[in-house]
Amino acid sequence: MADLSTDLAGAVLPNPLMTASGCAANGRELHRFLDVAGLGAFVTKSVMRGPRSGRGTPRMAETPSGMLNSIGLQGPGIDAFVEDDLPWLASVGARALVSIAGSDAEEFAEVARRLRDSEAFSAVVGVEVNISCPNVANRGLVFACQPDSSAAVLTLVREQLPGVPLFAKLSPDVTDLVLIAEACLAAGADGLTMVNTLLGMAIDLDRMRPHLGGVTGGLSGPAIRPVAVRAIWQVHGAMLTGRLRPAPIIGVGGVHSGRDALELVAAGASAVQVGTATFHDPTSPARVLRELETLLDERGLDLAGAVGLAHERTA
Amino acid sequence: MSGEVPDTPVAQVAARLLSNEPVGAYRHLVLDAAAVAAPARPGQFVAVAVGGDDTAHLLRRCFSIHRVDPAAGTVELVVADAGAGTHWLVGLRPGAAVDVVGPLGTPFPLPDEPTGCVLVGGGYGSAPLGWLAEQLRAAGSHVELVLGAATADRLFGVEAGRRTADAVSVTTDDGSAGTKGWVSDVLPEVIGRSSATTLYACGPMAMLRSVTDVAAAHRAVAHVAVEEAMACGIGICMTCVMPVVQDDGQTKMVRSCLEGPVFRGDAVRWEAFADGRCAVPADAVGAPVAAGGGGH
Amino acid sequence: MADLSTDLAGAVLPNPLMTASGCAANGRELHRFLDVAGLGAFVTKSVMRGPRSGRGTPRMAETPSGMLNSIGLQGPGIDAFVEDDLPWLASVGARALVSIAGSDAEEFAEVARRLRDSEAFSAVVGVEVNISCPNVANRGLVFACQPDSSAAVLTLVREQLPGVPLFAKLSPDVTDLVLIAEACLAAGADGLTMVNTLLGMAIDLDRMRPHLGGVTGGLSGPAIRPVAVRAIWQVHGAMLTGRLRPAPIIGVGGVHSGRDALELVAAGASAVQVGTATFHDPTSPARVLRELETLLDERGLDLAGAVGLAHERTA
Amino acid sequence: MSGEVPDTPVAQVAARLLSNEPVGAYRHLVLDAAAVAAPARPGQFVAVAVGGDDTAHLLRRCFSIHRVDPAAGTVELVVADAGAGTHWLVGLRPGAAVDVVGPLGTPFPLPDEPTGCVLVGGGYGSAPLGWLAEQLRAAGSHVELVLGAATADRLFGVEAGRRTADAVSVTTDDGSAGTKGWVSDVLPEVIGRSSATTLYACGPMAMLRSVTDVAAAHRAVAHVAVEEAMACGIGICMTCVMPVVQDDGQTKMVRSCLEGPVFRGDAVRWEAFADGRCAVPADAVGAPVAAGGGGH
């Protein structure tokens, strides 16, 4: 039986499977279909300082083997989160990887501070910093587009959360992902989550206008898996060649089956999140875990031995 | 995302399709899905995976439950061939396996005491109304049905309704059956003559809004089952939201798959809906201060 | 009946449908399935100075609603192309949009020069400059990653081809597509072709190594259509707001049906290329044209009236 | 991309599946596809769209033509359930529509004069050999078959071969039928006793290579039908290439869907193939000077 445990910058998890932020709400909803405490970690919906209504509808469009969303970071705000959602996650024994967001670096830091000061903080195994969200100070460009704005966020969050495993969640929509990864790691991130959605768009052909209320949206699902695999490959590869310091990568993007998860692992991911596939099959994260375990067993590999293995086997 | 997750049973089953027959412009599907049938109540829906193993269609499609037979373990749906996913579904042969999640969402609330009820259905929206009518009448209420559609073949449940309900009124846009016009044209008279206090409606947004208006004019309460585009159906994606006034008077963007699909008509902020879009009302909790707002 | 003609920087084509470079070889092969002269233009496989073997195999992997390829720009070289392929295209009456590539700006220019000096040049309605290929001088990064290297290529090609409609073919794998578009237009491009493939990757799970001989590959097909629509939307939008000077856009990415083509047109494309879909259905470019015509008729639109229409209808 | 496009007929047809029966580990499919059947010759293949209208599988799957009946307009295939696409195909019921493009590629070249021929098939690779055997024998050649597979159920065409050919030899890796071992183990003897000058082979790459070697050792010519991953099957994508020595002695990366799948065994640069990959030989026309090479 494969050893599935994984060490994410000090957060040792019994297995590498996680939900993806925004694809599992904050736990109760999915708990009807699977035991969220059985996952390596439960990743919460990115939370900001105050409550947010999100965008108008339509907020989604189905696309070939994927979907677009423009939710607009709807959520209850950090206070309601730490009062209600986090204690619930703690009560069922889930390990929470809490995703935080902000419109400027200060908001990120403030959210981090209130999280740290919360009662149920012991359920938190790490924090995922969603820098793939718009920076109001910079024409609404997402932080993760630029090394300096990414670093600014990570620096302030790091100050608030000494000793807490910190993962920067990157956008694939950049010319040089390694540059952004480098900036995040230098500014205090312990690891990286890759990838967030790709920026995409669909047209409503009946009305000949943008389909989504938010005009553009985030593309996710199996359609983008090859991009996720490549992103993880590039960044893990940069660690192997010394261009980046070694750090754990949490892979996400288009995982629907254990085979998909193993692709991300072989490219360099130490843990894997399942997002959009959960909409198709609510038991996906648990099912993918079982399938991954079988695949590792068949190959006689432990999880740790499979991480980045494809790099060793490249001519 | 706080506190509102129901603790009622929900199941994911590999249901077997028992039959698939045409009914007017629609198909009537009967599924063997006991775990879904047992707890289901009128107004709830199911989310069905479409397209088979290798499909490019990732998202489930949602359908009102037409009725269930808990003893037989069957769940029935009425499906319009609207696009790729429904086209696949209505093309299945008996014996096929269908991945079904349900029952989902809130049911129509039943009155505490017998009363006058009018059930309004537009197109396939009338699918759950026969079942609802039976439950209401069994509890002693007076039940009238008002069924409308664009054309006669898009009416659903008229014949069965005549057997179940105390009366049935029919409208079609083109006059090919019943009164030419909309359900809202005949609704005032039906409410008046039956002294109804409670309306139940299921159908297009515009219809639900006018049913709500008519109800208000007659001091009746309208319970409406909405149909928003849903990516998950189970409350985890936040795509299906609409602005609904809460008990504390605040408007929130709530998930229609979890806190709906049945809402009190007078709680829905209808003015936010226009031309296939729904805007966030400026006074909604957490509404964007400036345009933009961003992030997924 | 909708007027389907389109004016691409002086190249007036009877209709907007084209093959995509590398997805139709150089004409003869596809001519067995459709009349290549019936298309608005036939886009040839990117040609370089000398003959090229391309990469080893496997060169392709199927992915959800898409595929990865690592062909490596296999081709006969410009001399064989102008001696053999171009005269054939001329002989059947096809309008050729010739795609050129190079490992440095000088090679692009040299290919352009030999093309211009060739006998069958009269069949050429324009030249597509594939700057989404690796720049040997810059660690193999593709030219289209950076404004300056993109501009360098366009400047030299422009010198060789005065008066010839010139389209720069952009990669979507950049942080700011408008910047690259701007550099190309400033350097002499008459228009833009968007998008080339996204960089992706697949792992061979039997051998736990990269599946493709070229390790990474280009992702194409319906999976990427939302990215193509968004890219066209952004760049056409920048033209409408004055950030970029107006210029025709040739849309490409994931078009499989007339509806897909209309999405690209409504986002701002004046012509549409069909690439990967041709592998699925060899008659795709001609079929998409018929379907597009029907859709325009149903909406009472001429092609020119539909170009960018969704921008007018955005709240 | 120069000059080699055949001017033989090729068609894209919505073929009807007439039957789908198991045969050992495989399925035998009969398609109604007259336009493909008429011009087809042994060694050619078809490219089949899989997965249906809403599939996530974009690329066609290629299959050797097992045989055709031009009079009946039928095309027959032998399909192994190997992955998602073939799984869909072998699951189709008679009556289903199948989008087929063909006939594609080069046929096995027939000898100008009657001669001794040995036809070697590995697994489903023997699918086209019965048809080829018939044509060869009709033209007066002596024909022996050597059929090999991993296990007995993966042999194909043994019974039919005994009726068609002058002799049939069988090998299996596990000895569950015929001689335990590989086709190359028995091939020298078969060539020797039949004084064969011409070999035809279809099967895995390793087998084709060893058949080529054995042929050379016996001063015979081997024509081998290869199986490279193909994205289009019709010569437009350049994914299916392999290094083949041309008449002028130069090695080129040629499309196996257009200039193959049948090549002279001694023209294939076998040493370039290893462990599921094929490298570009350094002396191939246009081979990369440095590593990398880049571009799609």
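In this document, chain identifiers A, B, C and D correspond to the written order of the chains, with residue numbering beginning at 1 in each.
To be clear about the criterion, a contact is a pair of C-beta atoms (placed from the backbone, for glycine too) under 8 Å apart; a residue touches a chain by one contact, two chains touch by 3 or more.
Because the structure is a prediction, the values reported are computed rather than measured.
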Comparison of A-B and A-D by number of C-beta pairs in contact, larger one: A-B
Averaged-CA centre spacing for the pair chain D and chain C, given as whole angstrom: 34
Intercentroid distance (Cα basis), chain D paired with chain A, Å: 46
Chain B and chain D: spacing of chain centres that average the CA atoms, whole Å: 56
Two or more partner chains touched - positions in chain C: 64-66, 207, 217, 221-222
Chain B, residues touching no fewer than two other chains: 56-57, 277
Pairwise touch network: line, ring, star, complete, or other: complete
Chain C residues touching chain B - in the complex, by the definition given at the top: 64-65, 222, 315
In the complex with chain A, residue positions of chain B that touch it: 1-3, 5, 10, 12, 49, 56-60, 99, 101, 228-229, 231-232, 234-242, 252-253, 258, 272, 275-280, 284-288, 292-296
Interfacial residue positions of chain B with respect to chain D in the complex: 51-57, 84-85, 88
Interface residues, chain C side, partner chain D - complex: 22-26, 28-33, 45-46, 50-60, 62, 64-67, 69-77, 80, 84-85, 101, 133-134, 140, 196-197, 204, 207, 213-214, 217-218, 221-222, 276-283
List of chain B residues in touch with chain C within their complex: 56, 277
